[in-house]
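In the two complexes that follow, chain A is the common piece, with chain B as its partner first and chain C second.
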Partner chain A sequence: MKINKLILSFISAVAILLSTSVVSFAKVVGDKIVLGAAISLTGKYSSNGVHTQNGYNMAVDRINSMGGVKVGGKTYKFEIIYYDDESNPKRAAQLAERLISQDGVEFMLGPYSSGLTKAIAPVTEKYGVPMVEANGASRSLFTKGYKYLFAVLAPANLYLDVAIRTAVELNGGKGVRIAQAFEQDAFSQDVRLGILDAAKETGSEIIIDDKLPKELNDMAATLVKVKQMKPDVLVVSGHTKGALTAIRQIAEMKVDVPMLAMTHCDAAKLSKQHGKNSQYALCASQWHKTLTYKDNFFKDGMTYAADFQKEFGYDPPYQSAESSAALLVFKDAFERANSFDQKKVRDALAATNMQTFYGNIKFAPGGQNVDKPMVLFQVMCDGAGKCENKVVAPLKWASAKLIHPIPKWSER
Partner chain B sequence: MNKNVLLYAAILVFGLAAPFVFPAFKVQLSILCVLIVLATTWNIQGGEMGYNTFGNILFYGLGMYLCASVQVGMFFPLAEWTESGGEKTFVHTPSQFFQGMAAGLVVAAVVPTIVAGLIGYAILGLRGHYFAICTLGLGVAAGEISGGIEIIGAGQGFTTPPFPNVGGLEARGEFFYFLSFGALVLTFIAVRAIYSTRFRLILNAIRDNEDKAEAMGIETMKYKIIGWMVSAFFCGLAGGIMGGLVGYIDSTDVAFDGREMGVFMVLMAILGGKGTLWGPVIGATVFHIFKEGFWTFFLGWQYVALGILIVVIVIYFPEGIMGWLREKYPERFGEVVDEADRKAQVELK
Partner chain C sequence: MDFMVFQYPMITVQACLDGILLGILFALIAYGMALQWGVMNIINIAQGDLVILGGYIAYFMYLYGIHPAWGVIVSPIIMYFVGVGIYKLVINKVVDRDLFISILATFGISILFMQLMNFAFGADVVLANSGYGTTFLFDSAVVLPNSKIFSAFVSIVFAICLVIYMKKSKLGRAIRATAQNARAAKILGVDTEKVYAATFGLNAALCGVAGALISITFTIHPYMGLPYTIRSFMIVIVAGLGNLPGVAMSGMGLGVFEEFADYILGTEFRIGSVFLLLVLILVYRRFKLSRKREYLK
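Our next item is the complex of A and B:
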């Protein structure tokens, strides 16, 4: 049985390979604070993954060029180790493990999407690695009792809450008839739960409640129902692809509905991609450049947007803005902790109370940001067909008046 | 025989020592064990029986959901656990966690076995491409259906119970490593035992000519179903372990992940050499090492690199690594080569 020899030598080869693989210990080396992040560079979240990464990079460059982080009288610079999680939770959990146990990372930034954050949180929690995440909004992330998870964004169930309440208000305080379609993923399903809550409180009725598949590129079935049942509000959420699909098919099928509320319009560059067809769509957003928050690094939303545009060639969606904000939070916490001890940094994070260009940040015991409301904007086009997102709610920041109801296709 | 004992002892020692010698690689090694289990069991159908199935992912995903559901459901109301935004936080005590896991793994192995028997009875009459396409549908359907069942979290996904706070930081990794290594050893021993009986010959007969096998009086249907049930048992077990290891179950991306795991198990078996005992083991190991390497060194291009690897495998190693070795060094596989006869044949061509 000479074959045994072959197999034996194969095994020893594997053993040698494993033992020679370099295990580098990054954490805080020299004048660098190394953060780890698993980002969706490929797969279904790749476009939002890149928005996230651009946001992180933008903030790292800015903080480093403006003097870095001062801890214990010494100045440190941020550096991020990225891996590609392929939009897959299994991969994300594995990469978090790898970042912590192989690369020796002691502080983490979040991935894109609630599902991936859900997969990573148990790992960071186990190792006591503080994670500031900017793109996991699912409410269930904040009820698991995680101590090392901090989210700079408002939880997902609040995304379209405002839209329903506005519709009810415009209806003279009476309940409205809601049609909704949500993708089968952690985030969108949470948005759905928020709508259910809002409907219950306002006495609204849900007449269509559809689920959209993850490989989303057709929702004609839902729209046919909408055409027949004529709801007052149509709510759609399915990340970037959901927003694009909805607008494309609503325009194709000439579906008339008084109010159309969605998520991820700015990430989808809706007004650019679909122009006039996307007019009047209402979008939930964590941030808009016209908001008047300020900080020392990016000044304000308009400046951030201009700088981002210069660096990456497109208008920053809120995914980038909140990702940049995550770095500002980390810097602030390191300096207040004045230490790289994970527990101390964690406690400093928990005590965060600051304003950034992205909004106020203050964490509830569950880790979610409770100090920043969602905004609602509407896509508005001028006669020449140039479309822009204008904030319409809450009224404090509104730069335009909500157009309601949406004109019928036959009258456009 | 002596050498055999030596070989297995070496592997066992390597397996038992690995998590302590390479502590940083525990998760990768655990996943490797699961991959080997999947490739080895796929080989029962794809390699020995000649039935290319994409349906084994069904058992894997089923096992994953079952194990987690049992582990939670034994002690807490499952619906409240999976409900998003549920205000209550449930914490397993260590003994609850381990008892739940043990019971969960038993269910995760047994139920898919029964399901395999039932589905097998219905569809194992199909042959060739028809069978492959049909099984492909099974995994896709299961993913969509499970994504709509509220009690297991539907589209929200299912967070499996966190590992209890015992034995320090390394305990979780070591626990899941030994669990998956145990599953690997169990699978290998079982499959090896099965292959040493007449059962393997029957499977081979089905692969080589099913009609002839039937004409010889072999109840092919019975053996095909049994073969699939064996695969399902170990796939379910592997799924249950993987669910706990990942910590989060998503219907299409983690459990019924036909695009990745479902295809990988086929690739690994083919890479190593299907229809051999060791082929899937070697194939899975090589595949895993390449994959991890690509992920580190070709960030963003890893799938392109993986695609090229697959093309190279198909063109240069159509029989897999074991098949290639066998052709190159037949004497090492116990085949006697008559050099004069071989030369004569070469010259004839």
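Our next item is the complex of A and C:
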């Protein structure tokens, strides 16, 4: 017994020793720059988690095959260590710790969703690890004074700002009456704050302001109120669930509203799941393949979409495009810093000013990208019931004319 | 607080009708729960997850081009065997143990189902379109989606069939006998093991029907089961076991309560108000029980 115990403790001592010595391989091994990412591969965010991962992988392959990253006269290749955070913020924070303190990762890519980014940011900040994230848009991420957090996407409060401004413009510059329903999570509430700001600035009035619970699958009550009060704009944001429920019930209850603006339409595959019922819905998007931004790696949106389709078998949602852009930002920053010193890379990131196929990227002191406006697309269907998303605002990129007001159900 | 619902009589009517249609669907799920609770003394936390699984069956039929309404026939058949399978694997080991053990076991099944569904079907929110259109009442002041009317109608049909089955068939009589006194039933030659398996299967089949209906009327998502468990639990607590009219009434009551809570307190408190009501009812029951005990002393 005693000998057994002795042997056991000896083995474990050796194991511990071995593990600690293996652990401290650092961010740059040989010709590899190792980035770390905790991503939701299982759990409720798993579909968007996979979009994020595909976006990262696509960019890594592309950058590596096109010559990699040149630092100090030497060429390096990107490599990413992934862990599955199970869509759980606590787990994400643990994994960030593990990536940094055990795996020795010195540069991080972001997870999917604002909630998980919020969980990881304090950890990367504590260790001074620069993180470029592509899927956390919540405004509160950028007001905490984080120095090492950079987001390539526009903050959540700008998502539907364009919709309200467009509605006001179409109303001859006069304020409009807004009905809104938002889920009670960090992201949707930020979208809501953006609407409140836009309403204030344009002299618009909010006549219905409903909050949706996260288990929601019935918003008939909100829609009955909309029928009664007849607002000019109806705004809904509640992730894919909110978008799907809204379209289903608006069609079933034949709710007529001149403008319907939402988030998460393409993640919800609205036009596929609802077909013609989703027609005329306006959707906020970070990116659309028809935008004319360019870079040297992916050329432009259409080429990116075609390449992505070839590699992964589906049309890239904006979650993938912005994730790919995060790698382009890292490459650019490494080359400008010409060093792997975390502080120098951080300063280079802060000074980023570039164009990618996904859009212009320039970070405000808070870390959010201020150089890329949101776009609005409208679901448009042809006579055969085939629906497509067409960019309608801002006008600079519009590929179709906004249809306003939405025709009444009785006339469709 | 917003009392708009009382200011416009048509909105009041709308809320009541919406609530009743919804409540009938809840009552169907609750009836399944009451059945197995009464027979086996098991509170099934996985009830809502069985509902969602039933919904996925209808959804997949829809994906393959079959009208999802057929789900109300196919889904219960598949779910019956899923139910019997769960019984044989897990429930038969906890059926004679105390309530706490069975709650733990079904809680475990619930988590397992959620994760498996997420793994198999993905985390996307999905729905099946029935294309049933809309019914307008009172000069279009009240609108009722036909899918909701269809759900309520199918629920009623299934409930009636089940009642007749329980009254007339041999298995139905055996189930009722086991519910009244399992030991006596066993002595008189009822194979209680078989009865238990069939009861759990029947419950799962009812969940299958409800799930198919939910995929047509609302949305399906791997993690959306719990609210359905809570609602049926509450309906059963209010109505008591083995009281079908009571289950139907309290189901509709809950539906209407939810709708009014939605209008008055706001949509964010819709599910919350159900939980609150549950707590109040439990406290009230406890209060009543304790008074009774004092009286007996």
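Everything below uses one rule, namely that the second predicted complex is superposed on the first by the 386 of 412 C-alpha atoms of A that agree within 3 Å, B and C clash if a C-alpha of one lies under 4 Å from a C-alpha of the other, contacts with A are read in each partner's own complex, and residues count from 1 in each chain.
Operating definition for what follows: contacts are C-beta pairs under 8 Å (C-beta built on N, C-alpha and C of every residue); 3 or more make two chains touch, one makes a residue touch a chain.
Note that this is a predicted model, so its numbers are computed, not measured.
Asks: Would you sort A:82 into first (chain B), second (chain C), both or neither based on which partner it touches?
Replies: Only chain B is touched by A:82; chain C is not.
Asks: Is A:185 touching anything from chain B or chain C once the two structures are fitted on A? First, second, both or neither.
Replies: First partner only.
Asks: In the overlay, answer first, second, both or neither for which of chain B and chain C A:331 touches.
Replies: Neither: A:331 stays clear of chain B and chain C.
Asks: Once the shared chain is lined up, is A:372 touching chain B (first), chain C (second), both, or neither of them?
Replies: neither
Asks: Is A:240 contacted by the first partner chain B, the second partner chain C, both or neither?
Replies: Once the two structures are laid over each other on A, A:240 reaches chain C alone.
Asks: Quick one: chain B or chain C, who's touching more of chain A?
Replies: Here the partner covering more residues of chain A is B.
Asks: Mind working out whether A:346 is in touch with chain B, chain C, both or neither, as first, second, both or neither?
Replies: A:346 contacts neither chain B nor chain C.
Asks: After the superposition on A, what does A:41 contact: first (chain B), second (chain C), both or neither?
Replies: In the superposed model, A:41 contacts chain B only, not chain C.
Asks: Which holds for A:254: it touches chain B only (first), chain C only (second), both, or neither?
Replies: In the superposed model, A:254 contacts chain C only, not chain B.
Asks: A:213 contacts which: chain B (first), chain C (second), both, neither?
Replies: both
Asks: Both chain B and chain C touch chain A; at which residues?
Replies: On chain A, the overlap between the chain B and chain C contacts is residues 42, 87, 184, 211, 213.
Asks: Under the touch definition given earlier, write down the residues of chain C that touch chain A in their complex.
Replies: 4, 8, 11, 14-15, 18, 22, 115, 118-119, 122-127, 129, 134, 136, 143, 145, 147, 218-219, 221-224, 226-227, 259, 262-263, 266-272
Asks: In their shared complex, at which residues does chain A touch chain B?
Replies: 1-8, 10-11, 14-15, 17-19, 21, 23, 41-42, 82-84, 86-90, 93-94, 97-98, 101-102, 115, 118-119, 122-123, 125-127, 138-140, 143-145, 157, 182-186, 188-190, 193, 211, 213-214
Asks: Any idea which chain A residues touch chain C in the complex?
Replies: Spelled out, the residues of chain A in touch with chain C are 42-47, 87, 181, 184, 210-213, 215-222, 224-225, 227-228, 239-241, 244-245, 248-249, 252-254, 268-269, 273-275, 277.
Asks: Would you tell me which residues of chain B are touching chain A in their complex?
Replies: 3-4, 6-7, 10-11, 14, 18, 21-28, 31, 84-89, 91, 144, 147-148, 154-157, 159, 162-163, 169, 172-173, 242, 246-248, 250-254, 257, 260, 278, 282, 285, 289, 295, 299-300, 302-303, 325, 329, 331-334
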